[in-house]
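Consider the two complexes below, in which chain A is the common component and chain B and chain C are the respective partners.
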Partner chain A sequence: MADAKKKKLTLVQQQYQELAKSHEPPRPIAMNFVRAFLVGGLICALGQGIQTVFIHYFGFDPKTAGNPTVAVLILLAALLTGFGVFDRIAQWAGAGTAVPVTGFANSIVSAALEHKSEGYVLGVGGNMFKIASPVIVFGVAAAFVVGLIRTLIEMGG
Partner chain B sequence: MLKGHQSWEFASRPVILSSAAVGGPFEAEGPLAEDFDLLHGDTLMKQKSWEQAEKVLLEEACDKALEKAGISKEHINFFLGGDLMNQIISSSFAARTLAAPYLGLFGACSTSMEGLALASLLVDKQSADYALAGTCSHNSSAEKQYRYPTEYGAQKPPTAQWTVTAGGAAVVGRNDGTRNRLHVTSATIGRVVDMGLTDPFNMGAAMAPAAFHTIEAHFRDRQLPYDTYDLVITGDLGRVGHSILCDLFQRHGINIPLDTYQDAGILIYGDNPGVWSGGSGCGCSAAVTYGHLLKKMRQGAWQKILVVATGALLSPLTFQQGESIPCIAHAVSIEA
Partner chain C sequence: MMSFVWAFLVGGVICVVGQFLMDVVKLTPAHTMSALVVAGAVLGGFNLYEPLVKFAGAGASVPITSFGNSLVKGAIAEAKLHGLTGVLTGIFEVTSAGISAAIIFGFLATLVFRARG
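== the complex of A and B ==
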């Protein structure tokens, strides 16, 4: 991919890009892995804790406790987004906050907040899924394909 | 008067009668805070949206500049403004308030010097008595239009830059021979340079070649030695672009003394690691030039400076369509 792109460039452009590359500080990938692992793990541990609370104190069983647990995590992420803290944590944590359901909640709440100035219908309504919609579209499409494959295998079996 | 291929020399030496810079709360924490005429404690500036807040920055910068020049807005023959927003709304809406004849410009972050060059040309050719050049940018409105919602948690790489929340304006008038004034002596208009870079989180590397071409053209057209200026300053290359440009100067034998070359994107926030490579945006070169640099020149710190404002002429749409980033730079020389 990168090579195909580079072939379209002139020699001067290629030389410049190599020169520019040598001046760019690289992304701290190893550090990002560690941070994402820590924060992502922490969020999952928190989710596990919340689920345990729902099971032990609110009479849910392990299967039904999933939904209220996710709802609490979404609420927390939404509140942190509204208070303007989430993006700061995310700059530090990277994929650690983006991959769990907190990242999905943040993408919707931040877009809704941002476009409130254009009104509730066209602003909030029209834009709140701006970042989240690819996840939904391709999530549904992937689920359909996987479901189809599973059905076919079961029919064959 | 045309000099060389793409430069103007202003024989009448138009005067910068006054200049003003207005900034936001984050700029107020930076090392140049004292050089702003007005600093806001709130990024919304008592407005309902980021876009309105950005417009206020330009309106206030224009007001301050007019106040300092001792003229009213009715005296302004032409207002030359531009900004980063779609359809340059901040400038056009500020022009509505100003009610002066208006020419809207778009040069992305190079607009500050594009405006100053044209304002000086108008005054030099006796096509205006007073011309006002101004521009502005707002961190949140730029994030909203070019990147993600302001509160969205996306991690930025170390080459990214922080869009400056600031506005700057300058009033250019005729040279009546009064001493101790700042004069605009020449300008070089840059051409679009595209080295095929596509990463919008690495604008410094994309814009550095444009700055290089304009600076090279300036010295070639005017046939000046490379140590003419006490200070050569680029608009918003940041640390990455600054270091690339230093390298380019050396490789191509442009012997500008490197201790006289600085970047406004580095100056405005100093060593703050929270802005990654440095500041960017129309307001960056405008606020640093019209606030910090001209103030220092009035105090006698420098006699001659060359301001090279750099702009990345991309849109979120062209980026998504896989286009590379075309860049431009305009240079203006200011002398005491």
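== the complex of A and C ==
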């Protein structure tokens, strides 16, 4: 795909792009990995803590405690996004905050807030899933294919 | 206590995989998240994700890969009860709590907060 794009450019444009690329600061990849690991791990450990509380004090079993745990994490992410704190952590942590369910919640809340000025129906309602929808679309598409194959195999066998 | 350590380690590693896809493979965040969800769905289809959840707890159930796994799990479970149409009706069975919570808290947030920055 990248090559197809390159062919459309003139020689001068290609030279410019190479020049621009050589001046791009290199991504601090190793540091990014460490940050993502630390923050992502901490969020999951926090999730484990919330889950433990639900199991010990609210009578959930390990299988049913997942839903309330995710809901609490989503609530926390929504609050932090509303207070403007989430983006600051996310900038530092990269995938560490984006990959856990907190990133999903943040993408929904921030899109909703960003478009609030366009009104509740067209702005908030219309744009809430603007960033989160690829995950849902491809998740559901993949789940449908995988689920269908599994079901057909089990029916046949 | 060990469950916290494993949740931390496994959750951290999954996030590093996400960071790897963004920094080294140079995918956009949207492509990265979609890839992780599809990966979770495929692992779920082979019954490989559930053992990871049993072992790492929230370390496997909090990252977005678990969303893909839960979609497949719901579809397969419902298909076992109601036949092929169950694949359709079951997809959101397990994940509805997360999606509903995100919509509800997202909507409530717009009542309270304004956009920043």
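The rule we apply is simple: the second predicted complex is superposed on the first by the 156 of 157 C-alpha atoms of A that agree within 3 Å, B and C clash if a C-alpha of one lies under 4 Å from a C-alpha of the other, contacts with A are read in each partner's own complex, and residues count from 1 in each chain.
Throughout what follows, a contact is a pair of C-beta atoms (placed from the backbone, for glycine too) under 8 Å apart; a residue touches a chain by one contact, two chains touch by 3 or more.
None of the values given here were measured: they were computed from a predicted structure.
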Fit-or-clash call for chain B and chain C when the two complexes are aligned on chain A: fit
Dominant toucher of chain A (residue count), chain B or chain C: C
Chain B versus chain C as contact partner of A:Q13, first or second or both or neither: first
First, second, both or neither for A:T81, with chain B first and chain C second: both
Partner chain in contact with A:G94 - chain B first, chain C second, else both or neither: both
Chain B versus chain C as contact partner of A:G147, first or second or both or neither: second
Touched partner set for A:E24, first chain B, second chain C, both or neither: first
Contacts of A:E114 with chain B and chain C, given as first, second, both or neither: both
Lowest inter-chain C-alpha distance for chain C and chain B in the superposed arrangement, angstrom: 5
Intersection of the chain A residues that touch chain B with those that touch chain C: 27, 32, 81-82, 84, 87, 94-95, 98, 103, 109-110, 113-114, 117, 131
Chain B-touching residues of chain A, taken from the complex the two chains share: 8-10, 12-13, 16-17, 19-20, 23-28, 32, 81-82, 84, 86-87, 89-91, 93-95, 97-98, 103, 106-107, 109-111, 113-115, 117, 130-131
Touch list for chain A against partner chain C, complex: 27, 29, 32-33, 35-52, 62, 66-71, 73-75, 78-79, 81-84, 87, 94-96, 98-101, 103-105, 108-110, 112-114, 116-117, 120, 124, 128, 131-132, 134-140, 142-144, 146-151, 154
Complex contact set, residues of chain C against chain A: 3-4, 7-24, 29-34, 36-38, 40-42, 44-45, 56-59, 61-68, 71-72, 74-76, 79-80, 84, 86-88, 90-91, 97-99, 101-103, 105-110, 112-117
Touching residues on chain B, where the partner in the complex is chain A: 48-51, 144, 148-159, 195-197, 202, 205, 208-209, 240, 243-244, 247-248
